[in-house]
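Take a look at the structure below.
All chains are identified by letter, namely A, B, C, D and E, in their written order; residue positions are counted from 1 within each chain.
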């Protein structure tokens, strides 16, 4: 997540350097051609790039809005994970007999492991990294054979809670209530995976790029009478406006990609760890995960 | 689902070849007529195609957004099927006595059959294809008389779970909790069928095509003074921009049509199979369903 | 619901014939006046109709989107009725003792009656039509005194299920689960009634028509220099673009009006009947309700 | 709620008479000044009002859409009240022993009182008006000390139902199911209050008015060369287009204001009364609340 | 929340004074340069600022809509807190035995403390301010060690209710129903925290400012022929239109920032206090929290 700090200009310019270069080449080329073959190339009414600009702005505003929705949905999913994690621990404390305090802690810690493991999985990183802090050897070994580590962790918790019910430490009805929270975790995990694995319709991006280049070509012909000393920068500024918007949207639309615009899952998982440990009356809680310069990861 | 791979240009061009041909013919015809009957056909102010362009962009942005919503809703429905399938198996394991391990497996396998059969039904393919891998002869025969095979499979699972309750292997309250998950499956099945069976308002597509052709005619008259060597390509580029957007939207809006832009239901159902089998501690799980070139089906 | 079949041109043109006639009259009148009193009527800059065009496109895109949302919500409501109807029968079979098989069938048939009666009520048709196929004389008589027939049918089912509970054929907790499904039916009925009874803000339609006529007047003055042989068709095409969009939106926004653009409630209710009868293992099921030419009702 | 009847022109014109007057004054003033000081005031390119028109249309389409959402949400809330009121009575009849028929009626009548009282409160009218028709003296007195009368009525019903449970006329589990419906009433009441008490961001309205006047000034300077006999009406028509849209949106966004565009809460509450009385098998039900001319209140 | 009262002009102008100053400087500078180096700086077609204006309006309408959604979501979250707070007290009174009247009051008062503390936390103020009015010394001390004070308060209430269940003052099933309301509080707290802690994508704001300045530069070159006495005010008015919209959106998008545009959490929490105390039959209730001039906090 980008913070409200000063974002380095290099971060922004790096995004579109290739596109700007192409526009520069196109601008110079058109400039040369219209100079050389003045009589062959006819006047281009400014209305032509305007029509293409209309198509561009239709796709752009579609893409900006939908990518924001994906990004916001990803954030909402992780917000729900925070809320349900807190409710989960409060439910364990409310419904399971106090004699099982150690098992409550074991389940709660395994849930912290689930949060971190889910974040790592979504970003394509090692899903077992640092999990030994929260779960024991046996658990680690048991989940290693699964394709989907967070799902395996969730199964361990589900089965341990069912065992508590069988041993009489939990009543039937409260068992079902806790089960509803586990169903929420399953839903949240699946929703995040859906956002991760669903590719935003790729054709729109192709068309958008194609239209912007057509726009640049027609605009540069239309502006042929302006001194190239002024025309080229103008072209660059207007086209980079469109490219920057497209790039920003593209980054938002994939919020689990190890990028500065990612949903800050590590920060959130650390906050969940702090919350859960304080609800368990632990004395040692970790510090909030620090931001990396102008963004939080 | 189109992947982030290089999409073949032929795939895109094939979509609009007919429309481009029509525009070419219109362009040449107008060109010939305005040349031949110069004095009869008056000047066309460029504002006229602009007004039509306004109507086009209003419908286009409506259509792009709503078709995306349909596509995204279809994906969400299948995402919910993934989540509820996982929760379903975890609930069977939590609430049904261990002695009935075989029945749990039978129910879980029948649920995998339900996923594949639903996917096939939505796409208009044979809903019984490969189901013998997951259900027995008796089930296959029993569902064959139903119009709606997935619904028949859902009924088999519902009744078997009710029988478990009658035989005391499941408590009343947990029975109801599992029933809520079965209700979710019924909802998800119905939501996918709704998207499949509801035709997007057809008049908008008609109007859009009609307006684009009017746009092409008026624009080509307005550009009569430009050399046809330049004018025709310009017409083709601008009109194909509009046609491409319309086609992309049309493909998104019907996500169960055996097309590369489909929701990847086979891939998803295979993932569910893997998840369920690993939750059941099976040793042999299938490999993820491989993408077909630039798309996953 | 309009189908993907060829829609007769007459269907579309009939919608706007009056408006097109008015525009024709306006165009001819302005043409005559500007010819007659050339010196009195000043030049009209093309920017004036452009400004009005802006206001028109703001309302049009608002109206198209919101009317689609109403139409889609109506379809969703009927989709939920399908889903809950299936779940309802499965719940009756799961929770009510087998000895009461006859009552289950009676309740299920009365529910089919509810679906048809609701569809008829929404369209303003006779809500009792054909109900004798599904419910007995006593029921028919009992509901006839109610203003809201579907609500009366729902009450009959609710009370019969409560009586089953009292007679011990249904446990308390499963009774409540079935009650939740009945609450869903009540909600869906009310949601459809809300869409039916809520008039879309009428002023927007008035303004839209008013602005389109103003647009036509100013545009026809602005185009005074074009030969009327070309100008009048241009006016008709551009204004009919706007009128067609407005009409299409208006039809979508009232989806229970006995029009081809209606939500296909008869088709859906017939499908529910088929589903329910097959879930009840009936041998005779009706055929799907056939479409009427280019639309399904 | 405005009906589909002919809306009096006076109703619409009254809304913007002040704004139209201001525009008239501005138009005449600019006309006089540009005539008097022709050389001092430079040409105004038509692009200037175009830019301002862009800003206006951005805010207008935002405002029209969001105000419609508020209006539609208010209607949905009252739709939910209808649905839950019906379900509430059906639940009372299903779960409370028949011996308590009188108390069921008392609770149901108090609920009707709640509907009317909520409608009156939202509109800022006397929340106790006519309540003596539905509740007894003691209730009336007991709620009079509360700031929020509907909440007090809801508490009375909640406590009476809890007392029924204590006296054994209601089982624990069905008590909780009915309680969920009471929670819905609390939510719906709060949602309507939220719409009532939340002021739509006021700055947008200020800016919109400000921009429209700037638009009028710049446009009237730009049109200086047109005869004022034509220019002033043009200005009035275009600016009134914008003002009318703004006013319509403003009215929709406050749907509980005793205006013709209000959500028709009195009509809806009367329908609830009819439904509830018929579910209770009462013989005397009121007539539907009649519309007042071109609107229903 | 800004009220419908007259908003001081200074409040609005203060927002954009810096930006207006920059525009003034740019305008004067361009004016000087175009005067001095007339032959060097070419004509700027008005179409150039138009293209940039398109990009600006795409981002502006995106930003205005999404920031409104955040603001409205924040308001909805606090609306849900109101509704659930009322339901919570009614549930305590319904389900907990009357003998525990004192504990009910203690829990309800601690809940009021939770509301105020949550509001203070969101705004970055002291979360313990005035809490001594509602909770005792022991509670105050116990929560002081937690990072998240409202969560600690919620835990205290959750555990006290669980203790009531253990002591038999509350039945299992009603315990679970109350627990669902506590889960709602946890969700609402987390949703408000999410809105607070998620930075709106910062790049859009950067691009918007950048594009507006480019717009100003190109527009001022394009208007070079207009007397600077008129040109500069024109530039200021048009650019301030864009800046004001951007600022208004930025303020809405962070609704817990101690600004006049904040969600009025103090007012809402006070209303909850009044509601809860009247439901508890307290005689002394506070007065509604008064607005501060043109806004409520």
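Convention: contacts are C-beta pairs under 8 Å (C-beta built on N, C-alpha and C of every residue); 3 or more make two chains touch, one makes a residue touch a chain.
None of the values given here were measured: they were computed from a predicted structure.
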| query | Taking all residue numbers at the subunit C to subunit D contact, is the shared part over half or under half, that is, same or different? | reply | different
| query | Taking each chain's centre as the mean of its CA atoms, how far is subunit A from subunit B in angstrom? | reply | 24
| message | Averaging over Cα atoms per chain, report the distance between subunit B and subunit E in Å. | response | 38
| remark: Flagged in subunit D as touching 2+ other chains are 50, 57, 61, 65, 173
| message | Graph shape for the chains shown, where an edge means the two chains touch. Line, ring, star, complete, or other? | response | ring
| query | Reading around the ring from subunit C and passing subunit D first, what chain order results? | reply | C, D, E, A, B
| query | Can you name the residues of subunit C that touch subunit B in the complex? | reply | 1-4, 7, 12, 46, 49-50, 53, 57, 60-61, 64-65, 68, 71, 75-76, 79-80, 82-84, 86-87, 90-91, 93-95, 171, 173-174, 177, 181, 219, 222-223, 225-227, 230, 234, 237-238, 241-242, 244-245, 248, 252, 261, 274-275, 278-279, 285
| task | Could you please specify the touching residues of subunit C with respect to subunit D in the complex? | result | 41-45, 47-48, 50-52, 54-55, 58-59, 61-62, 65-66, 145-148, 151-152, 154-155, 158-159, 161-162, 165, 172-173, 175-176, 179-180, 182-183, 186-187, 189-191, 193-194, 198-199, 201-204, 206-207, 211, 214, 218
